[in-house]
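Everything below concerns the one structure shown next.
Chain IDs A, B, C, D and E follow the sequence of writing; residue 1 opens each chain.
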Amino acid sequence: MNMNDFSATLLTCALGAYVAGIVGALLFQRAEKLANGVGFGLAAAGGVCGIFACASSLATGAATASQSFALFPSLIPYVRFGLRADALGCFFGMVVSLLGVALSIYSLGYVRGYYGHKNAGVLGAFFNLLLLATTLVFLADNAFFFLIAWELMALSAYCLVSFEHEHAETRNAGVLFFIMSHLGTGCLILGFLLLFQASGSYGFEGFHALGDKMPAARRNVVFLLFLIGFGVKAGMVPLHIWLPAAHPVAPSNVSALMSGVLIKTGIYGLARVCFDFLGTPPNWWGVTVLTLGTISAVLGVLYALMEHDLKRLLAYHSIENIGIILMGLGAALMFLHSGHPVLASLALIAGLYHTLNHAVFKALLFLGAGAVLHATHTRNMEDLGGLAKRMRWTTLCFLVGAVAISALPPLNGFVSEWLTYQSLLQGFGTTTSLIRLMFPLSGAMLALTGALAAACFVKAFGVTFLGQPRGDHARQAREVPFPMLLGQGILVAACVFLGLFPTVFLKLFDPLTRQLTGQQLSQQLTMADGLVLSGGPAQGGTVSTPGIALMLLCLLPVPLTLWALFARRAGTRIGPTWDCGQRGLTPQMQYTATGFSKPLRMIFKALFRPRREVQREYDFSPYFTTTLRFESHVEEVFQTRIYRPLRWLVLRASRRLRALQAGSLQAYLIYIFVTLLALLLFAL
Amino acid sequence: MLLLTPILIVPLLAGLLCLTVRAPRVMAALGVLAFGVTLGLGLALVRQVLARGVVTEWRGFLSADALSAWMVLLISTVSLATSLYAGRYFERDVAAGAVTPGRVREFFVLTPLFGAGMFLVVLANNLGVMWAAVEGTALSSVLLVALYNRRTSLEAAWKYVILGSLGLALALMGTVFVYAAACKRNPDSLPSFNWSYMMSVAGQLDPRLLKLAFVFALIGYGTKAGLAPMHTWLPDAHSEAPSPTSAMLSGVSLKIALYALLRFHILTTACLHSDFSRGFLLGFGLFSMFLAAPFILVQKNLKRMLAYSSLEHVGLICTGFALNSPVTIFGALLHMGYHALTKPVLFFAAGNIHQTFHSLEFRVIGPGVMKVLPVTAIAMALAGLAAIGLPPFGLFLSELTILSGGLASHQTTVSALILVALLASFCGILQQLARLLLGARKTGGPASDARHPDGVPAMALLLGGLLLFSVWLPAPLLALLHQAADLIGGRS
Amino acid sequence: MNLPALVLQLLLLLLLAPLVSGVIKNWKAKLQNRRGPRPWQVYFDLAKFLRKDMVISEHTSWVFGFAPYVVFLSALLTGLMVPMVHLPAPLSLFGGVLAVVGLLALGRFFLALGGLDPASAFGGMGSSREMTLSAIAEPALMLAIFTVAITAKSTDLSQMALSTQSATWKLLNPAHVLAFAAMFVVLLAETGRIPVDNPATHLELTMIHEAMLLEYSGRHLAFMEWGASVKQLVLMTLLLNVFFPIGLAGPGAGAAALGISLLAYLAKLLALSAAVVVVETTNAKLRLFRVPDLLSAAFVLATLALLSTFLFH
Amino acid sequence: MDIGSHVITLMAALILVVQLLMTAQRQLPTSIRLFAIQSLLLAAIAAVVAYYHNASHVYIVAGLTLAGKVFFLPWLLNRLVQRIQIHQEIEPLFNAPTSMLICGGLTLLGYVVARPFTSLERLGNNTLPVALTLLLTGFFLMINCRKALTQVLALLTVENGVMLAAVAVASYGMPLVVELGIFFDVLVAVMVLGILVYRIRETFASMDTSKLNQLKG
Amino acid sequence: MFVHDTLLNRLKRGCATMAYPAGPAPALPERHGGALRVEAAKCQADCAACVAVCPTEAVTRPPDRRVALDLGRCLFCAECVKACPTGAITQTGDHRLAVRRREDLVLGEAGNEQLRLAGVLDEKLRRLFRRSLKLRQVSAGGCNACEADTNVLGTIGWDLGRFGIQFVASPRHADGLLITGPVSKNMELALQKTYAAVPEPRIVIAVGACAIAGGPFVGHPQVHNGAGVLLPVDLFIPGCPPHPLTILDGLIRLLGRLEESGRKTG
């Protein structure tokens, strides 16, 4: 049984596990504990099979030669439910399976919070359906099956987002998500149909390098359609408004899955279309994707800084990281245009490696936020604080996630951003036109984004976990049950492993880059048998995260010897925090999340247009106020400038159109009469 | 062995029997029995049609080709589900005093007649008889619409009958002109008015006369089919009629008029060999789809929203036929089937909601129907998702077939417009249903009545059928649809 | 990487860093016409702090105790990656300029968390301002690095120094001068010098870097101060050896060459310190929300440097 | 042969005149009577056609039209008028002169549309344009008046127009079974309309259809 | 341009710091009488002129014992010198007033007509703080005279920094407290908390009569009569306010940076 069949059977049993998970969760709805166990247990099992299937087919290079196999015989004539585990599909399949395992284990603990008032079985069922649909999206091999899986994914995500549909805010977020996602799918349908028109069949093999055969104008239209369609799902800036609305209201394990994997389907789509289908791209494609990526990155992090709702903050960070991934893809497209396949595959590896990293550390952060929510029942950072001493392990996991997302050295965020920097740097030399200025400028913006992300996560981690608890919820917080910690632990291990041993994963990218750009870079990028990561050219600069981690440990004796020499007799005393001799620090005196981001709000006033209202009530003199109400808002430019006016226009037009059906029989008769006369006069 | 006549006679008999029977439960059973038999006969007819192409009886007076066989199936399925649902529906209505037992009897008499009329339309070979049958269905449904005798239902019935009869008068003018064209060909003998005869001589008919005939038929039958701008009666009639009737109206009666219009379209294309009739159908179809979307978006009444959604689906089916490539016509026929399975469920659920909340205004029903009527809400959610074209259900399949057919025949702009219209109505319906079904119950309003939810067997039958046929298209059904598609495309 | 070079550079780093900040304090005093503390005063302070006890706030978690070690070690590690005396820096294989920037960011990240942990308002304010200003300084720093990296076609510091060393006219190249100016402004911002932040102030409300250390005492404070001075030395060395690599000993240099290289390095270091002292004494501290204008000026300088890489030659 | 066509042309013109009269006046009973005259003329034309083409079934058609539309329907409508005691048509949409002008325009349109087909008629040269005009003016009459009963009458005139077209254009009317089907349908239609008018009268206490405008949007 | 002129001006002025303690101490203003000297032997039998005239009862003459002048409470107004008929109390013009123990401040007994010089810290503390002493100044209700004089030490003339002594913002960084002011009730808690915030080993320096014994406010209900009541004080620098030279002398003597013969050390 050669490798291809092995991974195929494993894949089928993974999907089978998900289906069993759905059925099991629905069947045992009444017995909540059983439904939770069966549902998420099977999801975890499916995830494990998925990881082995994809990893094995990627590692053994079986992915490149894989044929598509029908999942089950299709009873509908021209629809073929074919799966093809090619390199790109396997890579993303691995991402979804890895997250599936970690999140399912986490959910075993998290869903206990829902016993009694919400139906855990339905949550388990839809969770499995989402995993199933996402895996099918990655592995589908014809447009029809892809669209079916895509819509199923959107549908199950909608049901999961509006799981706690008691609050109006959740319902609106769910509807906004589904409508924008479906408008995106509309563009995808049109795009695929245009490809179908050009290629004659639905199969993805038929679409390969179809772009070169299509007329330029139509090819650009197809590209724009796919950019919009997948951009909506990925959360690119102009089309991102659903993301900060939908993720916070969803249950935490779901928002982790959505942030980790769902928005990656958009990236998968873009990669599949731009690199596999549309052949060598014109230059403006790459420039557009790079610019949108940069804008998404900067705006994403700037808006994240202004949030004091933990999960909205993480949602905006998803937009930022998607921006970074798009920068990688955009750069790769520009290199493909200027005929530098090696550099293109470097940029592509940077983008896709960041996809994997983001999936891991964003899910980890959402799980952390979920744990905080589970313990304190609030997402508002202004009521949290001091959780480090009460939730020791969640704090550690969240810190690892925070360090990873801020792209700080030993962990995986740094590695993928380092690769992105390398590709942007080497990109400067590829053309002589002024376009090459974009690379260093977007590099500078990436640096700004990285630093702002670090600032944002100092705020998020510091205000939530350190200092004194600001509300009594935070004061009574207790550590979350073990499965939740295990879920986070797996992702922490993944973060550390991805960070310290990037060269191991580069080998997995070989079949992928060979399929998309025809290059194989893992030898070129690894030095010193896997410990050092090189940027490509000989003296082009290297980095070795294991080396950095090792040296950080080896340098530890320096402070220890200093301690031994000088400070052996020094003691430690626990005392109150220094408060300039006042009567003692109250939790309200601590720096709040809003306060922390105040300098940046002042600096970027033009973008945020901050508004603050202070209402003062006093009895007899304005100088002795009895109550003070302070409110500060940051204007979400896209909502107030683009989407709200658009929506208002549409509704006003529809209301005006309603006057057509005003109830008078005469008017209706006149409509028919006029139509008859028009036809008689003009049509004959 | 006679097949077509029993299809007509059985519902007729059931209708008349209901006059004599006392107990409403028996009348409902009669209805179910009648349409059960017709469904069985329909299946037999399908096998016959696949075997012999066209089945005729009474020397060609009744004839059934693939298209009419398919219509018979749709009519009997929808009517069966309706009568299944109507039994318990009217029990509750009578208990609530909304309608007198006399009226219930009127319902159970008229519905089988309505069904019989529809059967006659699809089986009649003679265009004149077809017209009379459509007139018959119109008249029987008018009294059904006016069943509740409220001010609004009378208003709806009046508009329905005036606009309907006017439309049919124009349709009659179209039929007369067709017949005139036939007479012109051989003035001496009295030509037969049969459809089969007409098709055989289509080549020699006078094109100008046929154009005029098609124009009148288009306006006439278009009004009955609810194509915009002649659709104005549709939301009023479908929202004011009792839910079983509006299910039949929306589910299949619109398609009957479309069937008649199709006959004229086939005839005109066969005679003119030009895109004359296709262009009109395309224009009216697209116009209906685009007109429905804004109304759905700002709709305040549940059944009116469902009516506009039917308008949009009929528009899509009409555009599907108008694109005139075998794949799109096959898609449109498939869409007819799926829509006939989906829409009644929505109306049954609306009926349950109407009887529980005594209103159809979104404001009054408010959020949280899921908490009050869980089974109805789930059925409505599933049917709603199907109606807006989401994959697990067949409508997505048929919509995509129509679109891919359109693109395969290089009519890209039209397909793009169809897609835009579908997206627009998707947003409207999703937003309204989400606001209605989800959410916590607001204070006051009926408590969640735990009694056995009604109409479940009917809804289950239809939803089960929909899910079954979304996944599995049995070979005979496929052959039938291909045969019908060739018929419409003028290639058989 | 050879061990003796690593240990030597480590010792040089540990000893030289406090000396440089001592010299800067002394020269500043001299320019204020007072004798001022002796340059090696910082050693005494550090030694005393190491010996002293520690008072730790009751609200702090393990992060408070962990932060000083991260700051100190990350600063040392960046020191080992930057070529000071001998061209390929001991750990140049482990990371180029991007790794240096990343490690400095890691140090700053934990420094800020250390500031937030004791739940005091000053610590929060300090970390908020530190993270804000460093975020605004980052694009200018990265663009300056990009300018040099582009001309040297590598992000490895040793490679950059070599490429600048090879063409002597490179010192007067406008791109280099502009990039140096931008990096100098960023140096002032990163090490908390006068125009951005006043290291010797007592007013807690005006502090940026000091505010985060208010709660630290004993050896934690020693490691923090030492780490800060090492970070300052690293940034200065980065500036010097990338833009003015005169006298820097090549890969196979002998003892004499190393000696000359050390002397040249010390001379350059003192020159740069003099520049810093002059800036500090002749300028007043900018208001907090005027600092971004200064840093955007640095960004413009860096952009001009980037443009001039291909406009003028 | 030509006498027949002359007679038919004359009667068609008369039908048109009756139609214009009906548009102009407002009294309900007179409208019913005018409708009866119009049906009579139509039955006469059918009889003349039947005579010249000695087609027996057309006689039956003529007889049925006579029985049904000249006697039975007017009787039914008059009984309805007595029951609901409303005789006066209220303010129509367009006042008399404008509606007459519009009818003129519609007649012109009818002739323009029907011109290419006049060759079809073997008896009477312009009965088809008249039929078309009858249809259009009947349509306009329905738009113009607001009384439910007048709308029914307008509908019947439209239906007369169609029957006239059938008689004129088809060599000698349509097959009998079709004619019967159409005839009975018209009868049932009028009965249903009568029931509805009666119910509206009870619930709305007035016949003004413009009050029927609660269903909006 | 601006930078150029500043630099030239600064370089022209050269170093403005005084040579003390290497060079001679700057002259005290003449009004400053310096330390007092009490020779009880010259006292007449029952003369109590000085007791009556002293504003803070610094001078006491219990019936059975000889006159005793508590320099801690003395405001150096030199009224007693003027009032003493026999010149038992005289001003020596000596600026070295700092003492290590409170009782050393009481003059009049046979052996200690004059103040002993402040002794050096014990060996462990001296080695720790000899070259680097960071003090946290706490003004516990003082009239800002002592604070001003302490502040003067930071100017370019005195330049306390050259001895490694520095005033710091946070008590956590400090090695000791320099307290001025009579420790009012309001400031008691603040003083206690600041003292608690300073990590061991720590020293306390009381500057000025108020900090030592309450100064002019001695005995006031809202005052704790000096820091000694609350905290273990290591160095007392009397004076109201003590001349900067006295404070400087006390500090560097405390750290053992001043080797000088002459008077005994306490």
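By definition in this document, contacts are C-beta pairs under 8 Å (C-beta built on N, C-alpha and C of every residue); 3 or more make two chains touch, one makes a residue touch a chain.
Since this is a predicted model, take the numbers as computed values, not measurements.
A.B. asks: Using the contact definition stated above, find the chains touching both chain A and chain C.
C.D. replies: Touches both chain A and chain C: E.
A.B. asks: Hopping along touching chains only, can you work out the least number of steps from chain C to chain E?
C.D. replies: Minimum step count, chain C to chain E: 1.
A.B. asks: When you check each chain against chain C and chain D, which touch both of them?
C.D. replies: Correct list: A.
A.B. asks: Using only alpha carbons, which chain's centroid is the nearest to the whole structure's centroid?
C.D. replies: If one averages C-alpha positions chain by chain, the most central is A.
A.B. asks: Could you find the two chains linked by the most C-beta contact pairs?
C.D. replies: So the pair of chains linked by the most contacts is A-C.
A.B. asks: Mind checking the centre-to-centre distance between chain D and chain E? Centres are C-alpha means, answer in whole Å.
C.D. replies: Taking the mean C-alpha position of each chain, the two centres sit 126 Å apart.
A.B. asks: Centre to centre, by mean C-alpha position, how many angstrom separate chain B and chain D?
C.D. replies: The answer is 31 Å.
A.B. asks: Quick one: chain A and chain B, Cα centre-to-centre, how many Å?
C.D. replies: About 45 Å separates the centre of chain A from that of chain B.
A.B. asks: Any idea how many Å lie between the Cα centroids of chain B and chain C?
C.D. replies: That pair's centroid distance is 79 Å.
A.B. asks: Enumerate the residues of chain A that touch no fewer than two other chains.
C.D. replies: Within chain A, residues 571, 573, 575-576, 578-579, 658, 661, 665, 669, 676, 680, 684 contact more than one other chain.
A.B. asks: Give me the residue numbers in chain B that touch at least two other chains, ranges are fine.
C.D. replies: In chain B, 158-159, 162, 166, 170, 208, 212, 235, 295, 298 touch at least two other chains.
A.B. asks: Do you know which chain E residues sit against two or more other chains?
C.D. replies: Residues 170, 172, 196-197, 199-200.
A.B. asks: Applying that definition of touch, give me each pair of chains that meets it.
C.D. replies: Result for touching pairs of chains: A-B, A-C, A-D, A-E, B-D, C-E.
A.B. asks: Could you pull out which chain A residues touch chain B in their complex?
C.D. replies: Per the touch definition, chain A meets chain B at residues 75-77, 79, 144, 147-149, 151-152, 155, 162, 165-168, 171, 174-175, 178-179, 182-183, 186, 189-190, 193-194, 196-197, 202, 650-651, 653-655, 657-658, 661, 665, 667-669, 671-672, 675-676, 679-680, 683-684.
A.B. asks: In the complex, go through chain A and note every residue touching chain E.
C.D. replies: 571, 573, 575-576, 578-583
A.B. asks: Hey, which residues of chain D end up touching chain B in the complex?
C.D. replies: Touching chain B: residues 55, 113, 116-117, 120, 122, 135, 139, 142, 148, 151, 155, 158-159, 161-162, 165-166, 169-172, 174-175, 177-178, 181-182, 184-185, 188-189, 192-193, 195-196, 199-200, 203-204, 209, 212-215, 217 of chain D.
A.B. asks: Residues of chain B touching chain A in their complex?
C.D. replies: Of all residues in chain B, those touching chain A are 158-159, 162-163, 166-167, 170, 208, 211-212, 215, 218-219, 223, 229-230, 232-233, 235, 280, 291, 294-295, 297-298, 367, 370, 385, 390-392, 396-397, 400, 403-404, 407-408, 410, 412, 415-416, 419-420, 422-423, 426-427, 430-431, 434-435, 438-440, 471-473, 478.
A.B. asks: Which of the residues in chain A end up touching chain C in this complex?
C.D. replies: Result: residues 385-386, 388-389, 395, 399, 403, 406-409, 414, 418, 421-422, 425-426, 428-429, 437, 440-441, 443-448, 450-452, 454-455, 457-459, 461-463, 465-468, 527-528, 532, 535, 537, 539-544, 547-548, 551-552, 555-556, 558-559, 562-563, 565-567, 569-579, 585, 587, 589-591, 595-600, 602-603 of chain A touch chain C.
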